[in-house]
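In what follows, subunit A forms one complex with subunit B and a second complex with subunit C.
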Partner chain A sequence: MKTLKKAALGILTSVGSYLEVGSMGTALQAGAAFRFELLWAIALGTICIAFLLEMSGRLSAVSGETVIGAMREDFGFSFQVWPLATQILIDLLVLASEIGGASLALELATGISIRVWAIPVAFLVWAVLWKGTFGSIESGVAILGMVTLSFVLAAWWLHPDWREVARGFIPRRPMKDGAQYAYLAVGIIGATVSPYLVSFYSSGAIEDRWKTSDLTPNKMTAAFGMGFGSMINMAVLVVAAMVLAPRGIVADTYQQAGVALSQPLGRWGFWLFCASLFIGSVGAALEVALDVSYITAQTFGWKWGESQEPAEEARFALTYIVAIVLGIIPSILGIDPLKFTMFSMSMTVLALPIMIAPLIVIMNDRRRLKAYTNGLVTNVAVVAIVLLSFVLALLAIPVQVLGG
Partner chain B sequence: MTRLSWSLLGPLRITSTATILMAVILMSSACDRSRSEKYARLIEQSAAWASAGTYSEELRQRRYVPDAYVRDLVAAGSLETGQLQRPLNESRDVPPAVRDRAGALNDQVRQQFDNAAHTGLLDAGRLRQLHMALRALADSVRAAR
Partner chain C sequence: MVEFDVVRDVLDQLLLDRNGREFGRVDGIIVYLRQDKPPRLGEIEIGTLTALRRVSVRLAEWLQRLGERWSPVPLDSVRLPFEDVRRKGIDVEMPLDSEADERLLRGEKWLREHVIRKLPGGKSPRGRK
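On to the complex of A and B.
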């Protein structure tokens, strides 16, 4: 019963925090431009991230170490500095996108520029991190994030041709504009397989004091949480394919996409769209800002933990404050959050191999994981994900130039 | 070589092949962009603004979206169509007649947004016409590949 309760909580958290400015933006653009043809990219990204989360959760539950901590121990500080620097850079880009996404949701609702909203949004993120505990942030994001289920409701209401939807799960060459198709595919996978999710999940497992008895909830959270979460993202794509694509609205900006829910959900549609974008972005901003603190503290061996008073872990709190301050700069400069997000997704893909490749070694270390090292399936999965990440990293720049 | 690594070889070959196949599909798709395709996409971007203006005005009349949102869309539409003008006018990828037509249509879309910024009203009928003209032009550019 306890296991089921833990699993249910984990699944709820994953579902509630799945959608954010990057995944929502890429799915909207993909649906608007290629209808259901890019559903496979969401599915592929979800399978990859589910495996990575299961592994990072298992590592923390069995060894009491985070992915970053284990990486530092196995490869040494001089190696660890490079993934750290890369991930901090990526985290800052993603954090800036999320602050921009939340500010843009407020701009859509009020007509007041994101330049004005960026500072209050950043203040909100800081205040929640400063006052909240890991548990309260986790549950708050999960519960509020349920608003994103409105996309699933809308997709169901729109009655898409399910055979055509099913065909979208098979990758194939598109009918038009292959360059944009490849660019969006890489963007979707970049938005789904975010390295911050891996380090955040593993740090969260330590915050929640997971033990080996939590391995079943961990598996269920990774598989079902990510699975149900990806359904929301797929629903966003389906809604865009059913509402925006027939009208020729390409969703290059969130201003164009803001009406996506108005046809299926009437007067509530617009407000639910804004609420989904705002809550999803703020939730992700909280996670990414925390992740910057987690990975920095774990690399340098500082005390860390969101559930402690900031005064007790001043360096930990200072790190996320600096990250938040840096994260508001693009919004204050008025850079379009969706364009910035697409850029940061491509950069994420570029950094992916550096972040994931060490997992092959860490997850097969018997001293650390005892009887819980990777089996055949997880080893094949992690090698395949590393291979895929190398391929995507090679493609990231060409597709950005050709299709972006 | 250990028993584990031998047992990994088969599945790894399959996943490696699948990954390479996917990379080939993506890379060949990415390289398959002719100059006219690039231009057609620019025209579609302009058409998308015309359509977004039409749709949001219809939704505003039904009170499905607030005035503030339409004002924001108008400001963004004016800015983005203004930025499209130069690449549409200066591209060497299509015949001059197509370029002139696309530039003129995009300019009319931009003017609609500029007018709406002053009057507060979008002319949904005119924007619909512009959207259809731009879509037809994009299709003809693609067909002429």
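On to the complex of A and C.
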């Protein structure tokens, strides 16, 4: 019973915090441009992230160590500095995208520019991290994040042709614009398989003091939490395919995409769209900013933990402050949040191999994981998806950049 | 007699003081080579410069120069006797109090007093929220 309760809480948390600016932006664009044809990319990314989260939770529950701590101990600083630097860079790009997303939601709702909103949004993120505990942030984000379920409701009301939807799970040659199709597929995978989720999840497992008795809830949270969460992402794509595509709206800005929920849900649809974008983005910004502190502290052996007062771990607190300050720069400069998000998500895919390869090695180390090392299916699935996505990104990004 | 694999069991491991507080990682190990005698394990070294030197000596020298000019606390690495090293699970425990020891946590203590405590809400007593 206790196991089931823990699993249910974990699943709810994952579902509530699933949608953020990256997954929402890429799904809106994919649905508007290619209708259901890119659903397979969400499914593929979800399989990969579910395996990765299960692995990182298992590592922490069995060894009492985080992914980053284990990486430093097993590979040494001279190796770890590279994945660490890459992840900090990717985290900062994602954090900037999330702050941009939340600010843009406020711009859509009020008409006041994101340049103005970026600083209050950053202040909100800082204040929550400064005073909140890990548990309160985790459950707050999950509960408020339930507003994103409005996309599922809208997708249901729009009565899509479910057979056509199902066909979207099989990758096939696009009818038009192959370069954009591949770039969007890469963006979707990058938004789904965000490396910050892996280090954040493993740090959370330590904060919540997981033990081997938590391995079953861990498995269920990874599989069902990510599974149900991805349904919201798929619903965003379906809504875009049903509402934006027939009207020829390409959704290359959020201003255009803002009408996605207005048709199925009326006047409330627009406000739900803004609320989903704002809450999803702020929730993810909290997690990413915290992740920058987690990975830096764990690498250098600082005291860490979101439930400690800032004065107890000054360097940990200062790291997320610096990250938040850097994260507002693109919004203040007026860089388009959706284009910046697409760029961040595709960079994530390019960076995946250097961050995931050491984790695979650690997860097969019997000295550390005893009887709980990876099985063949987990190893093959993760390596295959990461490599496939990497090759796709290598092909798609230059073509997209050269083509403008 | 306790057997250590110094690279596997000590280098890069988390350091805990006698109160269980984390105060860094083992960034380097000093070994003394002696004529006609086996090498002797001297000290463990803690510090960003030591860690960075393992990546690039030039980068470490550049950071050192930057630190000498701008850093409010010295960036020099700290050496602690290897004979005090004790294994605690997968971590390394040292018989000292890192909060009281002036050589340790210099950056942390400086930031606590000069930055964090000056921010609104930063004066809360230390410990859990």
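List of remarks:
The rule we apply is simple: the second predicted complex is superposed on the first by the 392 of 404 C-alpha atoms of A that agree within 3 Å, B and C clash if a C-alpha of one lies under 4 Å from a C-alpha of the other, contacts with A are read in each partner's own complex, and residues count from 1 in each chain.
Assume a residue touches a chain if its C-beta (ideal position, glycine included) is under 8 Å from a C-beta of that chain, and two chains touch if they have at least 3 such contacts.
Owing to the predicted nature of the structure, the values given are computational and were not obtained by experimental measurement.
Contacts of A:S139 after superposition: neither subunit B nor subunit C is touched.
Within the superposed three-chain arrangement, the count of touched residues of subunit A is higher for B, of the candidates subunit B and subunit C.
Of the two partner chains placed by superposition, only subunit C is touched by A:F300; subunit B is not. In the superposed pair of complexes, A:V81 makes contact with subunit C only, with no contact to subunit B. In the superposed pair of complexes, A:A311 makes contact with subunit C only, with no contact to subunit B. Of the two partner chains, neither subunit B nor subunit C is touched by A:T212. In the superposition on chain A, no residue of subunit A contacts both subunit B and subunit C.
Remark: subunit A residues 63-65, 69, 72-73, 76-78, 81, 130-133, 299-304, 307-315, 317-318 touch subunit C in the complex. On subunit A, the positions that touch subunit B within their shared complex are 44, 107-112, 171-174, 176-183, 185-186, 247-253, 255-256, 258-259, 262, 266-267, 269-270, 376, 379-380, 383-384, 387-388, 391, 394-395, 398-399, 402-403.
Those residues of subunit B lying in contact with subunit A across their complex are 4, 7-8, 11-12, 15-16, 18-20, 22-23, 25-33, 37-38, 40-41, 44-45, 47-49, 51-52, 54-56, 59, 63-69, 71-73, 76-77, 80, 131, 135, 142.
If you check the complex, the residues on subunit C that touch subunit A are 11-15, 21-25, 27, 48, 51, 54-55, 89-90, 107-109, 111-112, 115-117, 119, 121-129.
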